[in-house]
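Two complexes are shown next, each including chain A; its partner changes from chain B in the first to chain C in the second.
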Partner chain A sequence: MWDWEFTISILPLLLEGLKITLIATFLAFGFAVVIGFLLAIARRSSVKILSLPVKAFIEFVRSTPLLAQLFFIFYVFPKFGLVLTPLVAGVLGLGLHYSTYLSEVYRSGIDSIPRGQWEAAKALNFSKARTWISIIIPQAVPPIIPVMGNYLIGMFKDTPVLSAITLVELLQTAKIIGAQSFRYLEPITMVGVIFLILSYVSSLGVQWLELRLNQR
Partner chain B sequence: MPFLLKGVVVTIELTIMAAVLAFIMAFIAGFARLSKFAIVRGITQVYVEIFRGTSLLVQLFWVYFVLPFFGIELSAMMTGVLVLGLNYGAYASEVIRSSILAIPKGQTEAGIALNMSPSLIMKRIILPQALLIMLPPLGNYLIELIKSTALVLLITLHDLMFCGTMINNVTMRTTEIYSLVLIIYFLLAYPLTLAIRRLEKRLSAGRL
Partner chain C sequence: MSEIVTETSNNGIQNSEPIVRYQKVSKSFGDIEVIKELDLDVAPAEKIGIIGPSGSGKTTLIRMLMTLEKPTSGTIEVDGELLWHKRVNGNLVPADEKHLRRVRSKVGMIFQQFNLFPHMTVLRNVTEAPIHVLGLSREEAEERAITMLEKVGLKDKLDHYPRQLSGGQQQRVAIARALVMNPKIMLFDEVTSALDPELVEEVLAVIKEIALEGNMTMLLVTHEMQFAREIADRIVFISDGRIIEQGPPEEIFENPKHERTRNFLRRFNKNN
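Right after this comes the complex of A and B.
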C-alpha cells in the first residue's frame, strides 16, 4: 500500500510547497502583529468616530469565515481594479483575519497594566507617546508573547485554506501530485505528518517560553 | 437567492451534527484524559495531539481522498461531520478536562466524607460546577465551528460557501454574491457571540 520510494521522490516537491507555506505564515503574522496593534489602539481611542467603526470591523471579521474573506479579497477586489496575486491576497486575508484576534490579545495585555502606571507617567509629565513606549508597551508585551505564539501556530495551520485561492502551498502541492500520479495516500499523509511535527515542536517551544516568562 | 438559502440549510445541518459529535467526543476524551489507566490517557493524548496538530483542511482531504484507498468511501457530508466533529472534539476535550480539574479538591473530599460513590460525586458535585466553567469556552468553539464549515466547500459539499461560488460562476456578479455570503455568515455567528457574552456575564455575576 504505502510506497516509500514514491514518498521520498515527492519529498523535495513537498518541501518546496512548505517553503511557500512558511513564507505566507510569517508574512501574514508580521502583518497581523502590526495591524492588530493599530486596531487595539484605535479601539481604545476616545474619539468615537474612530473607535466605533474599528470595533464593528473587528466584530465582523471575527464572525465570518476566513475562507469567505479570502474569496472576497481575491475575487471582489479585482472588480474595483485591485488585482492581487494569490500570495498577496492570502497574506492580506490571513493577516487581516488574525489581526482582529491579536488586537484582543493586545487589549488584554494593555488592560492588565495597573492604572497607577498611567497616573505615574502623567505625574512625571511624560508625553502620550513616551508613556506608551517606555511604560506601557514594555510591561504589556512580555505576558502576551506566549498567546501570540499560539496564534502563530494557529495561522500556520490555517494556511492550507489559501490553497482555495490557488496559492500553491504545501497542501496544494500534495493535491497536484495526487492528481498527476493518482496516488493521494502518500502526499496527503506526508502533509499531515509535516504539519503535526512542526506545530507540535513549536507548541513545545511556546510552553517553554511560557514557563520562562512565568519564572520572572 | 433560494439556492443560497439551500446552502444555508446545509451549513446549519452540518454545524449541528458536527457540534453534537464534537460534544460527545470532547466528553469522552476529556474524561479519558483524567483516567486512572495510563494506556487510556496515552491513547487519548495521541488522538488529541493528532487532531490539534494537523490542519483541519488537511484532515478533510485525508478522509475524503485517502480513505477510499482503504475501501472506506464516505459522502462529502459524512466526511464533513466526522472530521469537524473529531477536530473540535479534540480541542474541546481540553476545556472539559481543565474545567473538571478546576474544581477544588476539597469538593471531592467532602463528597467522600459524605460517603458518596465516585460516580455520585461526579454527577452531583463536580459536574454541576464544572459545566458552568466550561460553557463559555465551549460556546466560543461552536462559533469557530460554524466558521470552519465553510471549508467543506473544498470537498464539494453543497454548503453556503459552495452555493455562493456556483452562483458566481453562472451570474458573474461577484461583488454582490460574496458580500452576501459574508453577511449571512455574520448573521449566523454574531447572535451566538452576543448570547455567549451575556451568558458569561450572568454566570460570573453571583455564583463565583
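Right after this comes the complex of A and C.
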C-alpha cells in the first residue's frame, strides 16, 4: 500500500513547500515579536487614549478566529485598494494574531520586575527609553524566552491555515500532489511526519534553553 | 494650625538660602492623608535625621523629593527651583519630564532594599548611569566608579554580581552608585533596615565618612537613633504626617519638649 519510491520522488516538492512554511513562520514570528512588544508597552501606558484602544484591539484579535482574520486581510483588504500576495497577507495575519498573545507574555515579564528597579532607574535619572533598554528589557526577556519558543512552535503548526488563502506551503503542496497523482496517503502522511520531527526537535531546543536560563 | 510645632534654633546653619524647601506639602494615598501641609527648609550641607513611628510619612517625605511620589498639593523647591511645577506667566503648572529630569539630577537616593541591578556586575551597576545619563566615556565612567567603589571598600568586587555579595556589600555598592552621580542632596531611606545586625555597622561607617566630608546635603530616614545623633545637625520628628518637633540631636534626644516625641523615644528605647 505504502509506495516508498513515490514517497522519495515527491520529497523535493514537499521540501519546497516546507521552505515556504518556514519562511512564513519566521517572518510572522519576527513581526509578532516586535509588534507584541509595542502592544505590551502601549497597553501599560498611563495615556488612556493609547492604552484603551490597544486593549480593545488585543481583545478583538484574540477573540476572533485566525482564519477569519486571514480572509479579511486577503479578500477584504483589496476592496480598499490593498492587494497583498498570499505570503505577505499570511505573514501579516499570523504575525498580528500571535503578537496579541506575545504582548501578554511580555506583560507578564515586565510585571515581574520589582518596583524597586524602576525606582532605582529614576533615582539615577535614567530617561524612559534608557530605563527600558538597560534595566527592564534585559531582566524581563530572558525568563519569557521559553514561553516565546513555545509560541513559535505553535505558530509553525498553525501555518497550514495559510493554505486557505492560497499560499502553497507544505500542506497545500501535499494536497496538490494528491490531486495530481490520486495518491494522498504518502504526501499527507509525510506532512505529518515533517511537522512531528521539526516540532519535536524544536521543543527539545526550548527545554534545553529553559534549563540553561534557569541555571543563570 | 491644629498641631503645636516647636521651632528650635538650628546650629546657625540656616543663614544661607535653603537647598530644599517644602511648602504646605500634602500627600494622600486614596483617602489616607500621609503628609499634612508640611513645611521644611533644609540648608545646604545640612544633615537631617528624620525619625518617627512607622507609617508616620517620613519615607513619603523623601520619596516626593526623589520624584517617586507626587505631592497632592503644595510645592517643593530644590536649589532654588520648583521640583514638581514650572512657573508659566506667574502661574504654577505641572512640570514636564524634561524639567523633572533636570531638577532631579541634583538628588540621589539609597533604598532600604538596595535595588541594585541584578543583571549587571558591580562595576556596571556604578557606570551605567554616568555613561548613559551624564554622557561620560566608558573609561572616564569606570575611573570614577572605581574611585567610589574604593571609597566604600569594594574595589576588589568589580566583576561580582549583586547576588554574590552580602547585604552590607550590596548596600555599599548602591551608595557608590548614587555617589558617582555627584548629587547635591542625598536621601537615605532606612538603609540599614533590611540588613542583618552584624552588617549594619559597615554601612553606617561609609555613610558617616560621606557625612564628615561635609558638603553634601543629607536627609536620612532612620531607626538608628545613635547614628542619627552622631551625624545629624538636626533631628526632625514626624508623626501622623506632621513635623511634631525638630532641633539639634542632643535637644531632641535628651530634652524633647513634645509629649509625642517623648512617648516615641521611650517606646523606642524600650524595644531596642
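As a convention for this text, the second predicted complex is superposed on the first by the 216 of 216 C-alpha atoms of A that agree within 3 Å, B and C clash if a C-alpha of one lies under 4 Å from a C-alpha of the other, contacts with A are read in each partner's own complex, and residues count from 1 in each chain.
Note that in this section contacts are C-beta pairs under 8 Å (C-beta built on N, C-alpha and C of every residue); 3 or more make two chains touch, one makes a residue touch a chain.
On a predicted model such as this, the values are computed, not experimentally measured, just so you know.
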Clash or fit (per the criteria above) of chain B with chain C on chain A: fit
Which partner, chain B or chain C, touches more chain A residues: B
First (chain B), second (chain C), both or neither touched by A:76: first
Which superposed partner A:128 touches (first chain B, second chain C, both, neither): second
First, second, both or neither for A:208, with chain B first and chain C second: neither
Chain B versus chain C as contact partner of A:119, first or second or both or neither: second
First (chain B), second (chain C), both or neither touched by A:200: first
First (chain B), second (chain C), both or neither touched by A:161: first
Nearest Cα pair across chain B and chain C, whole Å: 23
Shared contact residues on chain A - chain B and chain C: none
Chain B-touching residues of chain A, taken from the complex the two chains share: 1, 59-60, 62-69, 71-72, 75-76, 79, 157-161, 163-164, 171, 174-175, 178, 184-185, 188-189, 191-192, 195-196, 199-200, 203
Touch list for chain C against partner chain A, complex: 66-68, 97, 101, 104-105, 107-109, 111, 113, 115-119, 128-129, 132-133, 174, 177-178, 181
Parts of chain B lying in touch with chain A, wherever the complex brings them together: 49-50, 52-59, 61-62, 65-66, 69-70, 143, 146-151, 153-154, 161, 164-165, 168, 174-175, 178-179, 181-182, 185-186, 189-190, 193
Contact footprint of chain C on chain A as seen in their complex: 114, 116-117, 119-120, 122-128, 130, 134-135, 138-139
